[in-house]
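Think of it as A, B, C and D in the order they're written, each chain with its own count starting at 1.
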Amino acid sequence: MLGLTDFIQNLVAGVSVGLTYGLMGLGVVFLWQSINRINFANISSAMLSVYLFFLFHTWLGLSMLLSAVLAIVLVAVYGLGLRYLLYEPITKRGGARLEFVVATLMLTVFWLTLIIAMFGGMPRRFPPLFGDATQFVRFFGVGVRAIYFYMIVVVAVLMTLLHVILRKTLMGKMLRATAQSKETAQLMGINVNLTANLAFVMSTTVVGVAGLLLGPIYFVSPVLGGGAIGIKGFAAAVMGGLVDPYGAILGGVVLGALENFSTLFISSAYRDVISFAVIAVVLVWKPTGIFNWTSKKE
Amino acid sequence: MKLLSIENISATYGGIHALRAVNLHVDSGEVVSVLGPNGAGKSTLLRVISGLVKPEPGGVVSFHGRSLIGVEPYKIARQGIAHVPEGRQIFPDLSVDENLEVAGVRIDAGKRKTKTAEVYELFTELATRKKQIAGSLSGGEQQMLAIGRALVSDCELIMIDEPSMGLAPVIVMRIFTTLRDIMESKGLTLLIVEQNARLSLQLSDRVYVLSQGEITLDGPVDLIKEDEEMRELYFATEK
Amino acid sequence: MQVLLETKGLTKQFGGIIANKNINLTVNKGTTTGLIGPNGSGKTTLINQVSGELPATSGRTFFKGEDITGYSANKIARSGIGRTFQRIRLFHRLTVVENVLVARRHFFSANVLDIVLNTRRNRREEREQLEHAMTLLQRLGIESEAGKLPTALPYGKRRALEIARALALEPELLLLDEPAAGMAKEEYADIVRIMERLKEQGITMLLVEHTMEFIRRVVDWVYVLNFGEVISQGVFGDVEQDENVIKAYLGGDETL
Amino acid sequence: MRKRLKLVMILVFLGAVLYYPLMEENEYRLFVMNRGLIHAILASGLVFLTGFAGQISLGQAGFYAIGAYTSAILSTSYGVPIPLSIIVGVIFSVVAGLVVSVPSFNLKAFFLSLVTIAFGLIVHRLIVNLQPLTGGTNGFFGIPPMRWAGSMFTSNMHYYLFLGILAATVVSMYHIKRSYLGRAMFAINDDETAAESCGISARKAKVFAFAFSGALAGLAGALYAHFAGFLTPEPFVFFESSRFVGMAVVGGLRHLWGGVIGGIGLTLLPETLRLPYAGWENYYLLLASTITILFVVFLPRGLGDLASKALDRLWKVEGATKTLKDATVVDDSEAGADDASLT
């Protein structure tokens, strides 16, 4: 039988991992809202940030914090690169969504093969950015793995920050206005070039952060850039109808919890199948998302 | 003094020749109406001015004597041209306050505040709904918000595309009286595109009639004050 | 006179906005009926409801006495209602004659195997339907454009092609959404000629149009919509004198 | 004169294609070529689905896997004769195609791509997890090879078989494209609303497109199973699906020969890059994905389009009616042929 403590521990584990899926979902939401595209290359942003962090810390000997910051900054710049080296040239040549999908998918394959060619397929130790991964923090008598604690804290801070940016600053409001109607935003004098850049940068950055958070669990390994984890980000985003950032986070949490309990009760072998089934079922049953409070009109 | 000047502008929109060699100008402090039935090219005209539609080469669109052709729409807006688009196009998921705020990106925060306060004074209906999501407003309130956005931007020229569309007569009256008040108190320059001729004529100094993409008539308002002529305009006889 | 199309209390609501309210409309066989009204009065919505593109919120549509409410657009098309669109919609990757052939789909009986093996039956049917399509193009005066892509046609001929495609269904009712919009003068004259010829051939039409001169020339009966409601109907000569109609277009007598 | 040149060129091309395996001394190269032919069959199915009907599938490896494992399991574990097991494999993937087509009824292409990804991943996980049936990650071995007159297929026989099937695929697609079915698919691709107004059921057209492309992927999979002799879940991962779409795009989505060019081209290319230099093994796939990206970015219409334009210039078709910017999208012979058959 499952005791209360076990239940809580599993719940916390599921929810915290789910939060990182939610972050990846945010990456999907930001881009979908601003340019109506899904960027499959963003699947690899999580892997890129982890390997960059590893590279800076282990190879160049920089401090962990500095390495993490540098990795995130580079991933943010990578977002800009995606816009100017991929999105713009394709759009300029009259390429539609499909061309963008194929190009970004191929870019994911590119990064994956590059990482495997350079570092090999075997996982490497993730530098203890969040302290000892095996340590426990005690809350009301329940031991929670420190890493989960960090995940919750980091995502909470990040979400608060995003909330403030989107709701309280002029830049955030401009971003939301552009998402609702690019044309009208232009008529208001909003520089839509700038808001698009911001969307690209934000979308890769959140996924980069998610990568660092997942590092202690998946180690420095190409698994982070493989299909499965990225797809969970999509599943989270789909639950928010691809337009609701809060919906994406909640979607990720539900997905994470679902996964964790299915590992517990069914089998870990079918864990991933659940996320994939969620995507299919939600999209077929309610394509506008089940956690969608943003009333995007068709 | 010519504020806005359009010479020999032609434009195609979806394969249709929406505008054919149109000449038009708006002087500072003037109210100009462009009348014409649906599909005459009125909206396209405004879209050309605000940069959303590219005209065919060879024409001139200038504001303060500076050419607007090829300038990005947001830069045109920042030069002081506010376009209140057809169907209002408020940002439905932004609050009333936020809608007004993003319209004032070309001015500093302090000025934006005074301008916003002025709008709330004009449209008291909006003042009570500051935090409400704009998508939940009624059609008339949305139109007020759309005009309010133009006012907040502290522009020199406001272009309004069919403010009466889809609105009940009482609301249309309300909108037009407010427009008149604004003009009297602030001396704004206005370019109105309308189908509802009777009201917009009462507001205007000069009028252009657009039919099938061409200006068929232009001059001072008295020119077509006669109701019969307006009827002909819409229920046109000769081709 | 025989009633071909009848709507009873047709209503369409988009979220909180009511586009159409309780529309009762009758189209008699062999007549041409016009729908006019200011911008945003719900004319296109009504056409789209009849053609099945938009499901009605409430109300029913009857065609040849049969209740076609809720039928899919393709089923309605096959039951004998052809249509054109406000902004011309052609298949730009298919040639002009192929555009027409698309609407001949249900005059083929060849199955997949016939097609893959290109049997004699398939070849014969293709030939027959091609001839039929060419005759239609000829009727609309665009047979010399058969092998071109629609993007190569001038605007007026694109409209003619769209009408030819609708006629390929051998429809009993033709819905035309602003057939003369955006036409240059010569093109306009062509389209009026086409409409007059269709009338002579006894084709029933329901059309939305803004050019009043066009309405005057081709329409037998006209409905005026404003705010999604029918505010007047009758022959055009009467309707254009109706104060309500004038008010809808020009505005009321209010002074500022 | 031009006509004779065309004929000569076609004959030379045909001769080269038929003669190739006889002069190929490198067994490995022939093996790669055979895989290229299999990929060409599969990529043709994607050209059909995406280029013709405008639907997207990023889960094509799923259909490929269903065909492969069905035929492998039936023939190995249950002793079903190979031709029959292949047919059942195809039927299974057609059924899967029918199921996957359902979401396409009301999902825009984009959301659909997510559903198809999910489908591909689920199939992959099932293969990994249903170990007793599929061998899981250890692989499925001992699949009987195809036989002719009692002896096992040689590489050359495989080549001619695959080539024949590929040719039949292209011919079928050609006929479908020129039929009411093809027109219906092009129509829903261009404008679904307008197609419906012409009496075309968009649903039926989509179901057909998914079934047909599923059949080709399943067939390719079944052929691969008996050709390779063993199966692992590896070739059926998510990224393989994107490689297949990449093949179709590089070949030219809207071109009849797109799948053939892309399928063979993108299979041979990385292998060619692999051979000459030692130490390149790790990087040849990198180059392959780079090349695909460059193609998509700089030549979104694909190689097939480029080739057909070049050939056109070669025989300088007089009075070619499709000179407009969209001329690339329809097969060039078509318009002329229609005109000709009328007069």
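Note that in this section a contact is a pair of C-beta atoms (placed from the backbone, for glycine too) under 8 Å apart; a residue touches a chain by one contact, two chains touch by 3 or more.
Note that the structure is predicted; figures quoted are calculated from it, not measured.
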Problem set entry | Chain pair, A-B or C-D, that carries the greater number of C-beta contacts | C-D
Exercise. If you average the Cα atoms per chain, which one ends up farthest from chain A?
Worked result: C
Problem set entry | chain A and chain C, separation of their C-alpha mean positions in angstrom | 48
Exercise. If you average the CA atoms of chain A and of chain B, how far apart do the two points sit, in angstrom?
Worked result: 43
Seminar exercise, completed: Per the C-alpha means, the centres of chain B and chain D lie apart by a whole-Å value of 54
Exercise. In whole angstrom, what separates the CA-based centres of chain C and chain D?
Worked result: 40
Seminar exercise, completed: chain B touches at least 2 other chains through residues none
Problem set entry | Multi-partner residues of chain A (each touching 2 or more other chains) | 297
Exercise. Is the way these chains touch best called a line, a ring, a star, complete, or other?
Worked result: ring
Exercise. All pairs of touching chains?
Worked result: A-B, A-D, B-C, C-D
Seminar exercise, completed: Counting only contacts in the complex, chain B reaches chain C at residues 14-18, 37-39, 87, 139, 162, 164-166, 168-169, 172-173, 176-177, 180, 195-200, 202-203, 212, 227, 230-231, 234-239
Problem set entry | Sites on chain D touched by chain C in the complex | 172, 175-176, 178-181, 183-184, 186-187, 189-191, 193-202, 208, 254, 321-327, 329-330, 334-336, 338-339, 341-342
For this session: Note which residues of chain D are touching chain A in the complex, please.
Result: 50, 56, 58, 102-103, 106-107, 109-111, 113-115, 117-119, 121-122, 125-126, 128-129, 237-239, 242-243, 245-246, 249, 253, 282-283, 285-286, 289-290, 292-293, 296-298, 300
For this session: Write out the stretch or stretches of chain A touching chain D in their complex.
Result: 38, 40, 86, 89-90, 93-95, 97-99, 101-103, 105-110, 112-114, 116-117, 226-228, 231, 234, 238, 269-270, 272-273, 276-277, 279-280, 283-284, 287
Exercise. For chain C, which residues count as touching chain B in their complex?
Worked result: 17, 38-40, 87-88, 155, 158, 178, 181-185, 188, 210-213, 227, 240, 246-247, 249-256
